[in-house]
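Shared between the two complexes below is chain A, which pairs with chain B and chain C, respectively.
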Partner chain A sequence: MADKQKHLPLVDGGEKKMVTIAFFVMLALFTAATAYTQFNPFTILKEQSTFWNFITQDFLPPDIAKAKGLWSAMLQTLGMALAATFIASCLAFVFAFLGSGTTAPYPWLSKIIRAVGSFTRNIPALVWSFILVMAFGIGTSVGLIALTVETFGFLLRAFIETIDEVGSESLEALNACGADYFQKLAQCVIPAAIPGYISWFLYCIEVNIRSSTIVGMVGGGGVGLVLMIYIKSFKYHVAGAIILAIAAVVILVDLTTNWLRKRVLV
Partner chain B sequence: MKDYFMSDVLVEQGGFLQGKEMKSRKIRINNPDNDRPINIFIGTAVILSIISIFMLNIDWIMLFSRVGELAGVFIELSQFNFTNFDLVAVAFMESVTVTLLATLYSLVGGLLMGAFMARNITPSKKLAGVLSSYNSFIRAVPTPIWVLLIIACLGFGPAPGIIGLSFHATAFFARAFSQAFEEVPQATIEALQATGANRIQIFFSAVLPASMTALIAWSAMRFEINFSESTILGMVGGGGIGYSIAASVTGYNFGRAGISILMVFVFAYCLEIMFTAIKRRMKA
Partner chain C sequence: MSKPLIVEHLTKSYGPGSLAVDDVSFEVKQGEFVAIIGPSGAGKSTILRCINRMVEPSDGRILFEGNDISHVQGKKLRDARRRIGMIFQHYNLVYRLTVMQNVMHGRLGYMSTMDGILNRYKEEDKEKALKLLNKVGLLEYMYKRASELSGGQKQRVGIVRALMQEPSLLLCDEPIASLDPNSSKVIMDLIYELTKEWNISCIVNLHQVHVAKEYATRIIGIRQGKLVFDGPPSELTNVMIEEIYNTSMENLMINGEVRAVG
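Right after this comes the complex of A and B.
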């Protein structure tokens, strides 16, 4: 045995086998998908000059002066993201107690709530906005509700996981001293889960800033709609300016949420 | 600087216990100083959110009066229309393959870029800084905008979707992976350096195996995101199932829109169940 094997394996044999299998599965999927779509990655290299021409001639320099109503639309997008995250987190806050295994008063209700959550989060916000446009017509309300619905599903799962992590020992301690249901929530579950809630809330703000731009593109209003108008009318200099403005705002929001994470969640 | 002794600190922090006890005859079990940032944060968030709800000028009465129509829309969507189902199936397959290819390409790109971005294993700190600011710019612009730009210069088809998605996902993976690499203890890397291993050997025999769990978790998460993004792409002018949904809705073919939405939901739901099971197995 020692003669055959000249060096000791660093990685466990079973794990190595798994990695090899995973690699070949990925390779097979890759080949199948490439054959199906006829996608040749070298088109990027071939079309590189077109791409750079497009960027340097059509986009640059960005023309921010002509982008009328950019900042009010941007404010609308920010407001939409914040309002949607807030409403969704209020709803998820309540329903997570009814849905989590540790705090659910009725098991059948928790199953229904989890099913609703997985239904709302697995349909993308943009599909929701298409469904909602059919009922409510075009407007900011559609964007707001679509974002709220998707965020609710996501936050419900996140909040339920946070409650599950609180642990049964402290709940048992409160049970032992005769606390009722709401006392248990207020004294044990909520204080322990608040940091987790806040960190998921901040994550959703980051995601929703991007999503609310996209939802705006199909009629949800805000900066996405303005961008779409300029792209469709081939005014790429103005569109370039709007894209840069969006990037700046998103980076600013990311920096703010990172700062808040450090300040609030010690 | 005043010297603090543990007993002083305890007395100082304990002040709130005594003060409150006198007033309400109850012993406080939490320290308000610790809660203050959280309370300020929640207060500010609530105020800002309420301001933004009012700023959006939403006609709530109109909205609630039309909730009934929403039910009607769902009923129409649920009357599935299976004529020309092959077209929907082809569109669905296109979305799935676009997701797959974009994830695989960006996985390779992200691993490569992540290795150069992680501060503990990068060959040059300057390069790491440049790459990380480049990636934060790419990530800051939403994916559909990248796709729209690429459609504008490459034309239609699955290619712009794949390129646009990979563009964004590569930047995402680069950041996530570089953070995972940075969590590998310095001691491990030093131990390998001491044995004379070069950079590539260190990466493949220490850094990569140690961060494998994190890599799998991030890839699973991004695969889910990529699928929902690839359905979105169709709606802003790319192909795939999103186009099928958008075209059916605008053409009042609600039955077909319903079946397309159901396919998106079922696929996303299966992914979620699969990845939750994988995550649970890795934790155990």
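Right after this comes the complex of A and C.
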């Protein structure tokens, strides 16, 4: 059309094209991946009745009375999650100073620390448990170590980034005052990083309550192990009760950490 | 005793090719109030930061209270720095700490590592901090978090922190560049009066030529890393100002004041 008004795009034409192409490439990729797993969304609908039968007849009603040792196992799992987070955060607290560019005394040491961090972080606690169970056998200490190792890797990175964000301006001022290394950490870096520390610590508690259950199922002890035993012996009513109890505890912990977050972080 | 600071042939290059500071020499007498002016990127901040070694000089010497501090490290460097106060354009406070905690940082250079970590400041130093906070009008803010203050108040905290160091030299890098005209006057008056009262030498980087002329006993002009003027404000003629900023007077005027915003 001759009298068509000129259309002025708001973003650069070339960039728009790239985004469009990227979108379709992603769409194709995800469709192909879904096709490859041969997952048919209609299976769930078609075999709904089997699923509901299992839930209503095998799992319900939950039989909490027969779940022997549930609460002591639950305490073990909770303890495992809290202890792992606590130990990991203490270690990460110290090593993060050596790893962050703002506070690292030696650049080569900071590279090594970061490498150790990403190695421990990128192997999931579940895999650590498998390795440790093979080495030491079943037990809570295996679960504890596995969780600690993974959490350490995660928190190390989170704490390093928290320190990186403290920024050099206030540190520069303390340098100009003649403060030494540890004085700068105590008087400037730590006070500025505390909200970050607390928030990541609470996040890891939430995550570890869930993972400690799963780690337990593969031999890490605690409520996960108990649940696995009941499932393997087909006592689904008891297993159902345990699952509900776990869900309740997880929700309780989330509520508590959220409350703490609001109280502590102003 | 009469020459607390001598800068000799100071040169700084951040990379091959260009010199941020090019063979600058000057002296500062006890109690002098020196303003450094010059266009943006001339090297004013670099000169100031070389003096307390926040930036490593490439060449030349810094003599502070008779000692060559151009190459000292560790304890000796910290000992020199604690006698040189510094005030920053962006205040550089630890914003999660209180006003009182921030001003006490000025004492860290005089304390053992442990005492500094554990906040074991001397009671007499705390008394002194209170007196200074009172003087700058911030006594009732002593337990406020630094983040809750206005820009002018933050800079007053910065001044008190620097003075807590009992410095013989005060370096101010554009102390009023982020402030409105009223706060600017308050801050400049405070810096001027307090350094005069305690006979502290003071070097201030300024963007506003009229402020430099109003307060300084001596003005240093920097252009492209070189010292092109060093003399009393009365000798800083309009021709000289045009030379330093490499532009005509009309371009430097805002509301009838020479502001030379860079």
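Points worth noting:
Heads up, the rule we're going with is that the second predicted complex is superposed on the first by the 244 of 266 C-alpha atoms of A that agree within 3 Å, B and C clash if a C-alpha of one lies under 4 Å from a C-alpha of the other, contacts with A are read in each partner's own complex, and residues count from 1 in each chain.
The rule is simple: a residue touches a chain if its C-beta (ideal position, glycine included) is under 8 Å from a C-beta of that chain, and two chains touch if they have at least 3 such contacts.
Note that the structure is a prediction, hence the values are computed from the model and not measured.
Contacts of A:T102 after superposition on the shared chain: neither chain B nor chain C is touched. In the superposed model, A:T257 makes contact with neither chain B nor chain C. Of the two partner chains, chain B is the only one that A:I44 touches; chain C does not reach it.
When both complexes are overlaid on chain A, the residue A:I194 reaches chain B and chain C alike. Of the two partner chains placed by superposition, only chain C is touched by A:E169; chain B is not.
Between chain B and chain C, more residues of chain A are touched by B. Chain A uses residues 191, 194-195 to touch chain B in one structure and chain C in the other. Touching chain A in their complex are the following residues of chain C: 52, 54, 78-82, 84-86, 88, 90, 92-97, 101, 105-106, 108-111, 113, 116-118, 158, 161, 165. Listing the residues of chain A that touch chain C in their complex gives 169-170, 172-180, 182-183, 185-188, 191-192, 194-195. Those residues of chain B that touch chain A in the complex are listed here as 30, 34, 37-38, 41-42, 45-46, 48-53, 55-59, 62-63, 66-67, 69-70, 72-74, 77, 93-94, 97-98, 100-101, 104-105, 136-137, 140-142, 144-145, 148-150, 152-154, 158-159, 162-163, 205, 209, 212, 228-229, 231-232, 235-236, 242, 245-246, 249, 254, 257, 261, 264-265, 268-269, 272. Residue ranges on chain A touching chain B, taken from their complex, read 10-11, 15, 19, 26, 29-30, 32-34, 36-39, 41, 43-44, 47, 50-51, 54, 75-76, 78-80, 82-83, 85-87, 118-119, 122-124, 126-127, 130-136, 139-141, 144-145, 191, 194-195, 198, 201, 210-211, 213-214, 217-218, 227, 231, 236, 243, 246-248, 250-251, 254, 260, 263-264, 266.
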